[in-house]
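Per-chain residue numbering starts at 1, and chain names A, B, C and D are given in the order in which the chains are listed.
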Amino acid sequence: MIRFPLIVLNFKVYPEVIGENSIKLAKYAEEVANEYGVEVAVAPPITILNRVVNSVGIPVFAQHVDPYLPGSWTGSIIVEMIKESGAIGSIVNHSEKRVILSDISIIIKRLKENGLIPLLCTDTVETTRAGAALYPDILAIEPPELIGTGISVSKAKPEIVAGAVDVVKKTNPSTRILCGAGISTGEDVAKAIELGTEGVLLSSAYVKARDPKSILTSMAESAIKTWEKNQSSR
Amino acid sequence: MIRFPLIVLNFKVYPEVIGENSIKLAKYAEEVANEYGVEVAVAPPITILNRVVNSVGIPVFAQHVDPYLPGSWTGSIIVEMIKESGAIGSIVNHSEKRVILSDISIIIKRLKENGLIPLLCTDTVETTRAGAALYPDILAIEPPELIGTGISVSKAKPEIVAGAVDVVKKTNPSTRILCGAGISTGEDVAKAIELGTEGVLLSSAYVKARDPKSILTSMAESAIKTWEKNQSSR
Amino acid sequence: MIRFPLIVLNFKVYPEVIGENSIKLAKYAEEVANEYGVEVAVAPPITILNRVVNSVGIPVFAQHVDPYLPGSWTGSIIVEMIKESGAIGSIVNHSEKRVILSDISIIIKRLKENGLIPLLCTDTVETTRAGAALYPDILAIEPPELIGTGISVSKAKPEIVAGAVDVVKKTNPSTRILCGAGISTGEDVAKAIELGTEGVLLSSAYVKARDPKSILTSMAESAIKTWEKNQSSR
Amino acid sequence: MIRFPLIVLNFKVYPEVIGENSIKLAKYAEEVANEYGVEVAVAPPITILNRVVNSVGIPVFAQHVDPYLPGSWTGSIIVEMIKESGAIGSIVNHSEKRVILSDISIIIKRLKENGLIPLLCTDTVETTRAGAALYPDILAIEPPELIGTGISVSKAKPEIVAGAVDVVKKTNPSTRILCGAGISTGEDVAKAIELGTEGVLLSSAYVKARDPKSILTSMAESAIKTWEKNQSSR
C-alpha cells in the first residue's frame, strides 16, 4: 500500500500552501518520487486535499482526523470524509494538534477499519512506546522543541531516534518508524535512516525552500542510498 | 453580499452528506432558492466545500474556522483556506464546536478582514448579547438542548428567540439574526420570522428528510410569505 | 507505600462531598480499612484535599493534576501543590478529565519524581496496553459507558478486565491493576479480584449510598477473602 | 461586599506560592490593606485557598472555577467547592485558563447565584465589550502579550485601558473595571486609575519581588492618592 523508505511532506497551513501552490508542491514531490524511486507522500491542507489527490499519483495524507462516527459533529473532519476525498491515511496526534489517548486509539482503529493508514506522531521514547502499543501502521517520533528549527532530530538527538526505533520494534515489529523535527538536508535523512528509521517527516524545509524540488531531490537520493546500504548490510 | 430572509442548511458530517450527496443536497437547495427567490446557503463538510462551491451558485459557508494566521498549525482550518475554496463565510462557535471568547473575536475579525461573513452561534439571551457585541454580520441563536429534536425553538422557546432579537438590535442593529434548533417545518420558519428573526439555521430536518426538496420548498414559501407580511406591516 | 488489595473511593464533586461531608466519608473509609485490614484510599475534591489528609490516616489521592512545572499557570493544579497538601498520588486521565498522551507521560513522570503515585485510568484493552507502556504505579481500567450505572464492569465485561490484566502484566509487571465502572457490591469486588485485578475504583456506590460504611464493609470483606484465596491458590 | 480601589494579587502557581508561602504573602497583603485602607484581595493556588481564608481577613478569590453543577465531574473545581472554602469570588477566563463563551456565561451566573463575585478577564476592547455584556461584577482587561513582562499595560497601551473603561461603562455601568498585565510599580497603578479603572490585577511583580510588602505599599499609596484625586475632581 505504501513503500519505504518514505518521505512525508507535511504542508501544514503555511502561507506557501494555500490554494494552487499545494498542487505545485505536490507535483514536484511526484516528479522526484518517480525519478528516484523513493516513496514521497504529501499532507496538504484539508480544503485542498481532494484537489491534490486528483492532481498527483503519490500518496496523500490528511493532517488530522477526528474520532467521531458520521453524525452531528459540526466542523469536524471524520474518517469517511478523508477517505471519500482520496486520502491514503492521516497524520494522528501531531504536536500542533494533540489528541487525548482514548481518541488516538479510536482514530487508529477507525482509519484501519476504513482501509486507511494511521501515521501517529509521538514526542519522546516513552510516548513512542505507548503509541506503538496502539499498533499504528506508521509512527513518527518528533521532539516538538526541534520542529521548525532546522536543527535535525537525527543529528541533535540521535539517542531519542534510536530509542524510539528500539521500542517500536520491540512493541510491534510491523509498525514502520519515521522521525521528524528539523529535517532539512539529505544528510539529515541519511542519518535518520542510519539510526534505523524507515523515513522522515518534514515540513518547512520543503515548503519554504527557495527550490523545494532540489532539496527533495537531495533527500530522496540520500534516502535511497542509505536505505540500500542498510539492507545489504543486514 | 447575502440577502434575507436567509435559510442556512448546516450539513454537519451526517452519513447523508459524505461525498457526492453533499452536491446533490446543495443543488436541491439551489433549485428551491431560484424558484422561490429566497436566499438559501449551505454549509457542507470541509473536504467537499470547494466541490460544492464549483457545483452551485448559492452561498456556501464553512462549518468552522480556526483563529490562526497562516503558519505551522498542522490540521487546522484557517480563514485563507476557506476563502480560497470559495466559501462566502463561516459558522463560528457552533454548539458542536465551541470556541473560547478571545478566539471568537479573532475569527470574526479575520473573516471580515478577508471579506468573508461570520455567522456566530450563541445559545442564550446572555451569550447573544455578548456575541452581538463582537459585531458579527450574522448571529444565530440555537439553544443546544433543542438541536436535532424536531422541537422548534421558535415554537417551544419563543421568549428566547424574541429576547435574542431584542438584544441584537439594541447592541448592533446591523447584525442580522437567525434562529435554529429543531426547525423542521414551514410553520417553524414562519414563527421564527414573526418573532423578528431574519431567517433560520437548520440541519437534520433537511439533510435526513426523505424528500429534502419538498421540506425546503415549504420552508422557502413560508419564509417569503411571512417576510413580506412583516415588511408591509412596518 | 500503598498496599493491595486496594479500594479507591473517588468522591468526584458530587453534592454529597462538598465540605465536611468529605471528611465524614473519609473517616468511615478509615474505620473500615482499620477494621478489615484492607487498604482504602480516597480522592476528595481538590479544595478539601488537605483537610481530609489532616483528618484521616489513610492514603489520599488528588482527582487530577496538570503537567506543568511551577510557574504562570493561573488556575492549574500542579504536582507540587498536591504533594504539599499531603496527597499520596493522583488519578490521571479519568474519563471525566481526559488528558493528551504527551501530558499523561509528563504527569506520570512528574508524580514519580516527586515521590507520588500515578493512578492512570484507561478505557479499553488497547489504551490499557498503551497506558501500561508509560509505567504508572497503578492503572485502573474503566469502560466509561458503565460508570455510574451500577452495572459492574467485572460482571458485565469480564473479558475487558481480564484482557487489561493480561496486557498490563505483559507490558510492565510492576504496574498494579484495578478496575472500575459500576462497582456496587462486595460481589462485584470479588469478581474483579478473581479476574486478576488488585482492587477497584468506585464512586457513586459509596458516595451516594444510604449507608456508605456498610457497603464498604461488604466490599472490604469480599476483597480480603478473594485476595487470600487467590494468593493461596498460586 | 468588596471595596474600591481594588488591588488583586494573582498568586498563579509560581514556585514562590506553593504551601505556607501563600499564607505569608497573603498576610503581607492584609497588613498593607489595613495600614493604607485600600482593598487588597489575593488569589492563591486552589489547594491552599481554604488555609489562606482561615489565615487572613482580606477577600480571597479562586483563580478559576468550572461551569458544572455538583455531580460526576472528576477533577473539576465547582462553585460550591470554592464557596465552601471561603472564597469571595473567582477569576474567570484568565488568559492562562481560557473558557468557551457559553461556559463564561454559566460561570458568571452560577457565581452570582451563590453570592460570589465573578472577576472576568478579557484581552482586547472587543472582548471587553462582549464580556461586559455578561454583567460580571468585576472585569479586568489584560492584554496577554504584556503579562509577566514588567511593561505596564497602563503605560504601554493606555488606549486599550481607556477603551475598555469606556465600553464597560456604556455596556453595564455597575461592572467595576480593573486592568492588568505588566503592573509593577506604584506609578503603574496611579496611571491605571487615572485612565478610569478602579484598580489593578497583578502577579509576578508582587509574588516574585525581593520585598513584596514594600512593592505593595507603594502601590497601595498610589492607588489611594490617585483614587481620591479622581473622586474630588468629579
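Throughout what follows, a residue touches a chain if its C-beta (ideal position, glycine included) is under 8 Å from a C-beta of that chain, and two chains touch if they have at least 3 such contacts.
As the structure is a prediction and not an experimental result, all values here were calculated from the model.
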Remotest chain, subunit D as reference, centres from CA atoms: A
Cα-superposition angle relating the copies subunit D and subunit A, to nearest 5°: 180
Distance from subunit C to subunit B - Cα centre to Cα centre, in angstrom: 45
Centre-to-centre distance between subunit B and subunit A (centres being mean Cα positions), rounded to whole Å: 36
Subunit B residues counted as touching two or more neighbouring chains: 95
Chain-to-chain touches, reported pairwise for every pair that qualifies: A-B, A-C, B-D, C-D
List of subunit D residues in touch with subunit C within their complex: 10, 12-15, 18-19, 43, 45-51, 62-64, 68, 70-78, 80-82, 84-85, 91, 94-97, 147-148, 203-204
Residue numbers on subunit D that touch subunit B, as the complex places them: 93, 95, 98-105, 109, 122-124, 126-127, 129-135, 171
